[in-house]
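The same chain A turns up in both complexes below, where it pairs with chain B and then with chain C.
Coming up: the complex of A and B.
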């Protein structure tokens, strides 16, 4: 056989194969082995084909593929491998014959799972659909196989276990992987088709967020994360040492967004980490998450801003529906859920309507009482039942339950120009028209008992003329989780941070 | 002649003596009809398929707007890919000058992939109402018109005839309905009595959608003209173009 030009073959590892006798000469010796470590020695012309592109159109072509050994199963003179690349996989067959010797089959069968291999093979149309592979209509008949990076023999978790849907009852008692094991071994857990799909979709959310806002004439800004004063009151803030004094980690970019508005950027957004020192161990709280923040100057009514934010989210939902259908299906296989439904334009209810709906459903609550988590969920169900939407806005919150910088309602002083947005009954965005008048801001801060010295810089920002403005912040992980109908925000944070987890 | 289970009993005369009052005079208490008021907007939600717009409900919406202070909204549900521009603007340009709770009634139309129109109001105390005819009956009841048993049966019967035979029936059935409509309209100016009822509205909508409006007999043609002389009908007519 002609020597392969690209990679040098170093022979295979005798001990792990246990083949002592070598009864006959190996005629395929050059066609398999462990490749020497790639140190960028050469730059061969070899073209590697993506596994997702291996379809019947490529039938009978000889291709090179790089993938991981997902599973391997030896059976006499042949060995079936499943090669995986991101969410996609294909069945490969190494069978004793013209191109492969008995030794080569044995070598292939003994490569540890998760190892990365380069394979040369002929694409063949499968006689029947191959279940369990994304490329169901073709298989790869291997002619050469070289190990590029060997995985250790024992894996901390099995990928097949990690994508198994959780079934109710004692269906078959097959293994699943618990969340801590997954998070402790996140690199492997992230390789699963479900994780791959989740984070592709999350990237899509960011992309669509940017695309939509830039099209609407927004400017992306970067704000500092190390700040001198706690932005919202002072609770729930991380203190870090800062040379000889201390500083805080930003709880939200709000002050800086507002300063940009005062600096005449008119419409701004930013994507960045946000820190919350809340000791809450729930399915939806993280101590560090990615905030998608919007702030916008408006002409006469803050609904101009609400409509813009809501439309941005609708454009994101539509974009996901169009561009990420494969990813949504992949996640649904493990975590089945109803497709995300929404209305255009977005449904906007007022807080008093929400209270009325809840009262009608038998909940006792005051007009100025905040929504408790169970009531929030119940309201989500009631709204879904009536309007069949998983996304809606609740407008006009009672002033008493909102931060001091929230603009009061011009008619009813007990209400405010503030709003929350909900996905599948859970809050994803909180926002308001901000007070842009230093006098009123001072009064409101005093009313809340806030030390004026501490927020002097904030109030001073509005002293040199400030446009009326409103905005809000969205949690990226929550949006991803709720769009896909997942039940824990840790599934949609690559390396989640919560009160109990700081690694990996 | 009205067919009743008791064939000897001819109610034709009773109907003629029954007086219908015009829609605009009767006072109706929405709170009484729609249940307890929690100080928030009472919102009627109607789901309809944009491929077959429920014309009668749009007419009723316009009529209700003449009577009550109504907050109207049109939405597109994510189950529908695109909705023609004229259907999105079927309630005209909405200018919301007042706070939501100051409106007497909300009317929310959602263009959605549904087999037939569906209405939801109070999800706690009321089941969804299905079908254009049934929703039309509900909406018409908000005018607070009171009819005697015979008249309301007659109106009900025309509504069913319009939906099941005129709109969804075979051409033979349609022909039969047009003939009986022609006969009825020979005696009175509207299908039931001398005032507009829900029967006229639903029958008009069905006739528009069957496309057989031009082939209708003389009395029906005349009746259609009278309908279309009313603003709520003519504005819906514009949607069809």
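Coming up: the complex of A and C.
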């Protein structure tokens, strides 16, 4: 079957270069071409070497490599290719000689960028460092080259443009790629070294979160996302048609985490999607995000839980520093940023202290007023100046600004046993001691004007003995964004969902 | 505030026992009672000991324990309590003497079952093994007892009934608990030793799945659950209202896994909810279940991927054997079952071989006919007899019974590069080599009568170079059910969703 591409002519019919009327013999014709589609026809013994493993230790070895054509540049009787594999790349040279004919060089030069090729070549020590490649000390002298999967000739975005740092204020004339183009063509945008690094690091955050909690004796739970009643009165909830009836998408796993605590699992966590039907088009809101959720029974004081959560985040930060240094540096190349700072133990400020700091900085606000986003950011800067940390806990929020199930403070009834955690001045976790007494819970729900009938099942969960407990939910995309100092949560969601975007 | 319970009288007013008109002095009155709600008033130094750590090594030590009243039995001047903490329990004795008054014994005897109490007591070596308790060699001589959270006097189900094995055919007169009562009162049902063991083991399956794949170089991805187009033509899909428009719930993360492969992540996995709007009320269907999904680029043959998936499952089975023996035995007490058997390497049969085995056993079926559920089960028994394994792979399904994106077999065009995996004769994974060539994919979609416009984004994902790849999706609840030899997937979903159940 013919393939749609500029390659068809040279790939399938292998014509000669130049204007000759008669075809000239091609002594290399078996050494290049377009492979038939890999349909699992065979199990050859051939070993494919990883590009990152091509170093001077392999000099003069003949190897097979599968990679993408990252760039190609023909120059007389030779063609320089850069072959890419994830974050790694190497220069490959196809030059007319014993193994390659003119026709083969032309074939190689004409392969569309982003096509996947199998290359056999000799690893050669480079005479000088090869700039722009991760494998700077070696190059590959190509002896065979076959196209495994052909890319279309026109790419909707160029990878080099997509990793170019944006220069503030200056117009340096070189293209960058805007966010919608990236997201519309996410399959290509995700191939950049920056994207590869972001999502490898995000995978690491998930592993570190779970590793730490399993070590602390937590149990992973799975909570349903289709629920019969909207937990907090029905605002910002997506409706689902459910056979002949209707249902909702869970805005948080909190009720289920709490039920597990009432069912004696003591320490639980879950990782899963959270749905918010908020029409917010900001840099940090998504309609679907990944929640890293924790809930834990405690003995006497909810700070036992706060300490566990904060330590879990600290273990994540440390693990990222240790295991993902390459990825952090890769992202920094495009998005320069100060290293993330944190203290051990984590700084815990009370809300009233934060209000005092803000007032000292000229902000006018009431004692029971919630923090606005600009004030959160300002507070982040003030805390960084004073304590030199990008991560801290704000404890004892005013009761009035928290949900009905939040335990009131035992000393000052205007306060509550609740807390947020911040990274670089933005909230990444919200949590609290929950009311475990059905009578107080009923009173507080009534105070908030909530229809008791709708939360009956929730309140009933606490009627058969409930331990005191607290917890919180962390937004995965925000943690990734803020750890790396990025500026939009869409950069850290592979396929982001917001009020205006449902694709790809 | 008075509390609704039989305890109110004795707990709050502490009356004397008997008919005396005058109250008699209670020398132990500070040693028992109902604590005020734990609102994080203080951070006492008191250490609470875990019940599982109460062994003869602790004999004669005074300890504090927090647990639930599992049972209580008053007998003259003493009261025997069984205190429970997750899967562990211990006998506690409150007897009139130096530390306990008559009133205190009566108070203890009247505490509603499932209430949470703090108990101070001396650990004493038991004179004889205490049957029915996990801590058989010691008992606790109670010196103080305080109610931390009071259960209502009537429980909707009894934990002892809920762990009783069902005796087939025989009526032994002892109560068991039916499934709807369990699920309606899941907070209590999940407290049984069987439930605790099932869900600790399920948490283990998730950890083992991820541990193994991370070790193999896979990256964890997060895929969206709200999608703009139903992937396979719109059957069995839940609709979501999305602001002024509508959307769907993802029936599988497959498209997104494949996009990640096209974006060079090479080996990816994800764990998350999968939604199926099938009106199936069977023992193994849920409308929302947890998918353990894998997708992987391969070099030459999809068996590279099949081997990785099968080995991942083998690592899970081994890990469960090593780390969750206690849990397996606990579940076996209520649901007796043969240990799960598997081979290394995993047995792989071709579909035609399975058809031959079934025909030999008297089943009439066509070469291109799919397996019915009874035939699947029969095949499981035949394979077990012949090969002594509860786990095997069925490879090379007829192309006709698989989805349009399945790669046809290169030799026999009626077959396909697809496979299912089975545990104890039931399917737990379905997978295939996917078509990575946009032209062939288009042809196959047309052959299946699929509207190309609706899958344009899917097909376009393969236009810019796509490596050959394969993958599959595992149902977590089924793996848990079949590994433990249980008979209903609702036993292995904490909060199951089916066409008739959306609560709790």
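Note that in this section the second predicted complex is superposed on the first by the 477 of 504 C-alpha atoms of A that agree within 3 Å, B and C clash if a C-alpha of one lies under 4 Å from a C-alpha of the other, contacts with A are read in each partner's own complex, and residues count from 1 in each chain.
Note that contacts are C-beta pairs under 8 Å (C-beta built on N, C-alpha and C of every residue); 3 or more make two chains touch, one makes a residue touch a chain.
Remember, it's a predicted structure, so these values are computed and weren't measured experimentally.
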Query raised in the report: If you stack the two complexes on chain A, which partner ends up touching A:44: first (chain B), second (chain C), both, or neither?
Result: second
**Report entry** Partner chain in contact with A:491 - chain B first, chain C second, else both or neither
**Finding:** neither
Report task. Return first, second, both or neither, reflecting whether A:72 touches chain B, chain C, both chains, or no partner chain. Result -> neither
Report task. Using the superposition on chain A described above, determine whether A:356 touches chain B (first), chain C (second), both, or neither. Result -> first
Requested in this report: Considering only the touch criterion stated at the top, classify A:103 as touching first (chain B), second (chain C), both, or neither.
Outcome: neither
Requested in this report: Could you look at A:221 and tell me whether it touches chain B, chain C, both or neither (first, second, both, neither)?
Outcome: second
Requested in this report: Using the superposition on chain A described above, determine whether A:340 touches chain B (first), chain C (second), both, or neither.
Outcome: first
Report task. Name the contact category of A:382: first (chain B only), second (chain C only), both, or neither. Result -> first
Query raised in the report: More chain A residues touched by chain B or by chain C?
Result: C
Query raised in the report: Which partner does A:437 contact after superposing on A: first (chain B), second (chain C), both, neither?
Result: second
Query raised in the report: Same chain A residues contacting chain B and chain C, which ones?
Result: 411
Query raised in the report: How about chain C: which of its residues touch chain A in the complex?
Result: 1, 3, 37-44, 46, 48, 66, 68, 85-86, 114-116, 148-152, 155, 186-191, 195-196, 199-200, 202-203, 206-207, 210, 214, 219-228, 238-243, 245, 247, 249, 256, 259-260, 262-266, 271-273, 275, 277, 279, 287-288, 290, 299-303, 407-410, 417, 433, 436-437, 439-440, 457, 461, 463-468, 476, 493-495, 497, 499, 502-504
Query raised in the report: Can you list the residues on chain B that touch chain A in the complex?
Result: 36, 38-41, 43, 45, 47, 75-79, 99-101, 108, 110, 112, 120, 122-125
Query - Contacting residues of chain A [partner chain B, same complex] - result: 317-318, 321, 339-345, 347, 350, 352-353, 355-357, 359-361, 382, 385-389, 411
